[in-house]
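Each chain carries a letter (A, B, C and D) given by its place in the written order, and its residues are counted from 1.
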């Protein structure tokens, strides 16, 4: 037990003393995950909305299993694919992004994107069918109908984004692969925890773990609040 | 593109040729994840059922946020805690389990357990309230009532177990920490993918990735089937 | 005015509408009454333009509507579950149809106040619709449908989700609101009492066809088929053979006021509310059930195996098992 | 027989039941009729033992029940949403109460067949309950409740989730089943027509108290308060002052058949179904609404600001706005 208490004490001191290494890692984590989330929403949300609207009227055929596969893709497999893509022999090898934060953003975007598409599609689809009919009979054009439904589904869409955030911030496999865990450059919370633990730096590892846990909890609480509000 | 196609071809050949390395890794993965799932269900299901039954009658106070925290715990943090516990200075250091499959089973059990507890609790709680009242008025004792509700919630409970399986089989952070990724001993699908990718063995990595993806998909499809059946 | 000519519609090889024709005059309230699955909701969606008919045409003031998209028809449609925006205020809900019609903010505000007053919800503008009762939500839905002054309002089982007491109150209000506005309306229901109370004209639908049409009093007094009679709640329908001066059924010879060909097989309806007990004449039978209904008491009689129901006022003391004789004072022939 | 003495229950400082006493004899069907929130469901749960009263006691055949757990009382309880096992067959559902009573497999099988025959579902043993209609599911729930031969059956709004036509059919069946078994029953509803049809005795509840009790005919004929009168659907309740030979209201002096102290303030009920139009005498008023109801027509009259409703048969041709005079033939004094 002593080792855990010592580590917790050390963790607390690192957090309140504003340890520069710790805050570099937190900063990079937020930058990588924030950027990935931004791109996932940018490319994913419009597609999710369009599919959700379509889906009200017809079956989507093979699209739904495809999106489900994407949502269930193990992150380490996503990381592997991005690695191959960005490797020297890969299509985007010329960019020289491998082992830089850019590669991590690409990998996390890849993981978050199907989640944003799938969950926002479901959110749109869950809006009461009769409301859509009702709005059309009240003179709504297709565009006005879409806007009204997006507004009705806004809690579900926010939940989709938070779920994607929670997934990528706690993820290890993809970032460790494509980032390479280079100190100060590509070391984020999860990979730093792995490294510091191996080095026996339990204090720093726990400090990082507590921050990560807090971020994950925040996302979790946000999701619960949103689901409660519906 | 060429590198991806080459890798895919190599992966296919490894899978059909019954490459012993590949099958050793798959075997260990199933053993570790299966054992962890077994223990998580053994310790988690009864607690989830009891809490679910209790919860029908009263608020659980601080238990619910605790379980939610557990369900949202980043696996790498769970790995860190198990690592400290099993390290030479840790309470269970004497067992010398660190960097063995046993440590991986402990870590995965730790990750799966809150999921099994929380989701089976919800499944029990979701059984129609009036059914419980109805059964009591039909002469059911508390034990008969509990058994009847478990039977009604069986699809939800199975979904809880599958969700836990899906979570731990695709997880990297905890097993890489406590297992140490030792070839033939503690190398499971996810950690092997990380290692083989780094070594540039894209064919083997992809073969492992395809297997992992298939297992994750199976779990996903199972969940969808169960939710559809309700 | 609205005119439908021979509208047909088939889903998955099931013919839901079979050459339905009907017209609705300006200011008229027409009810489509029929069991669920008879095609009435499909007909509404075709009129609203939310669905295309397979054959037939829809006209408004002699202009074909088939190529007019729903948002340009200016027809209102309101459903059983009110389908409000759950996260918006009452005023925002009512405003929707005014916004699509590009009314100014001032016009919207005036019209919303007017509409809420009409439905008895003055001052409810800023309330969250989730805090309202079922009846209040249904009034908001009505205000929203009426706000853009639809040329035609269609109500699809609007009171179906409410309990009896509330349904009766709202039905009264609805009638008064629609009449005071002179609103041209098609009202769809499976409840004959709602249809009786609200209609200028009733259309009875069965299996995709209109089987009887007319003012409620007329339909109630002279159902033209066994289906209509039973759907209106009359269970005393019996087959018989026309004899000299009446119809011979399994249990009695019934005098009818229609001239018929002797020997023909026909069906008769014995009106449940027009009969009296007698000591000597009438149909002999055994009382199988006496059930108090408030204003009337329902008497069920077994007459030679046939079950006859009567709704009588001031019934003498009578018990299950008693032998009685009953004289029906109105027996109608219903074609086929 | 069941006896409740002065049962009280308070939730969150709201008194839900106020010293309610009642008894139910063997074989009797008693209805608790009241608006939602009047405490009727709480009372049922107390009788079933699913909830403890704050004060008062529950007895069966003079034995106190308070300490008897619900599963040993052998009382059946059935709810509005049938609360069946959705994943089990009809037979498995019906068997539940037999299993808890430790019946042998053979006894269970016999009893299930018997019960399904009773509720008109013979041969449905192996059907999945999810494939049944709402009415059929409700019958399965009834069979399940009756199977263990409960000493007392409690039905909580059993037909509330069904639509009107189905409700009427099932109500008839339910009466016949309960009567044929001589089943002691408490029936809870907010629908007066159900209560009229099924009860030997009706108890009207309001705000946690029983405000009137008696056979349905008696309660219908002589409501003892404005609450009961309005709850039974009579809206013509007016305040007045007792004068020489009647009661003076805002719109007319009404003759009553009760002797009262001159000058006292009282309330009267004008029965809507007992009145006739007249040319010279009666209450003068203006017709504000004529609404066809099938067997009767409802006439609404504004008499000096008061709204009077009448349900008349064979109404002459009359329109909104006409001046009429109406002679009520039955005016009742309702205490307080």
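We take it that contacts are C-beta pairs under 8 Å (C-beta built on N, C-alpha and C of every residue); 3 or more make two chains touch, one makes a residue touch a chain.
Quick caveat: nothing in here was measured; it's all calculated off a predicted structure.
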item	value
Leaving out subunit D, the still-touching groups	one piece
Whole-Å separation of chain centres (CA-atom averages), subunit A against subunit B	20
Centre-of-Cα separation between subunit C and subunit B, whole angstrom	57
Inter-centroid spacing, subunit D versus subunit C (mean Cα positions, whole Å)	26
Category of the chain touch graph - line, ring, star, complete, other	ring
Touching pairs - complete list by chain label	A-B, A-C, B-D, C-D
Contact footprint of subunit D on subunit C as seen in their complex	160, 163-165, 172, 175-176, 190-193, 196-197, 216-217, 220, 232-233, 273, 289, 291-296, 311
Residues of subunit D touching subunit B in the complex	45, 48, 50, 70-72, 74-79, 81, 83-87, 96-97, 100-101, 144-145, 148, 154
Residue numbers on subunit B that touch subunit D, as the complex places them	128, 130-131, 133-141, 144, 148, 152, 155
Contact footprint of subunit A on subunit B as seen in their complex	1-4, 7, 68-69, 71-77, 79-81, 83-85, 87, 89-91, 166, 169-170, 172-173, 176-177, 190, 193-194, 197-198, 200, 202, 205-206, 209, 212-213, 216-217, 219-220, 224
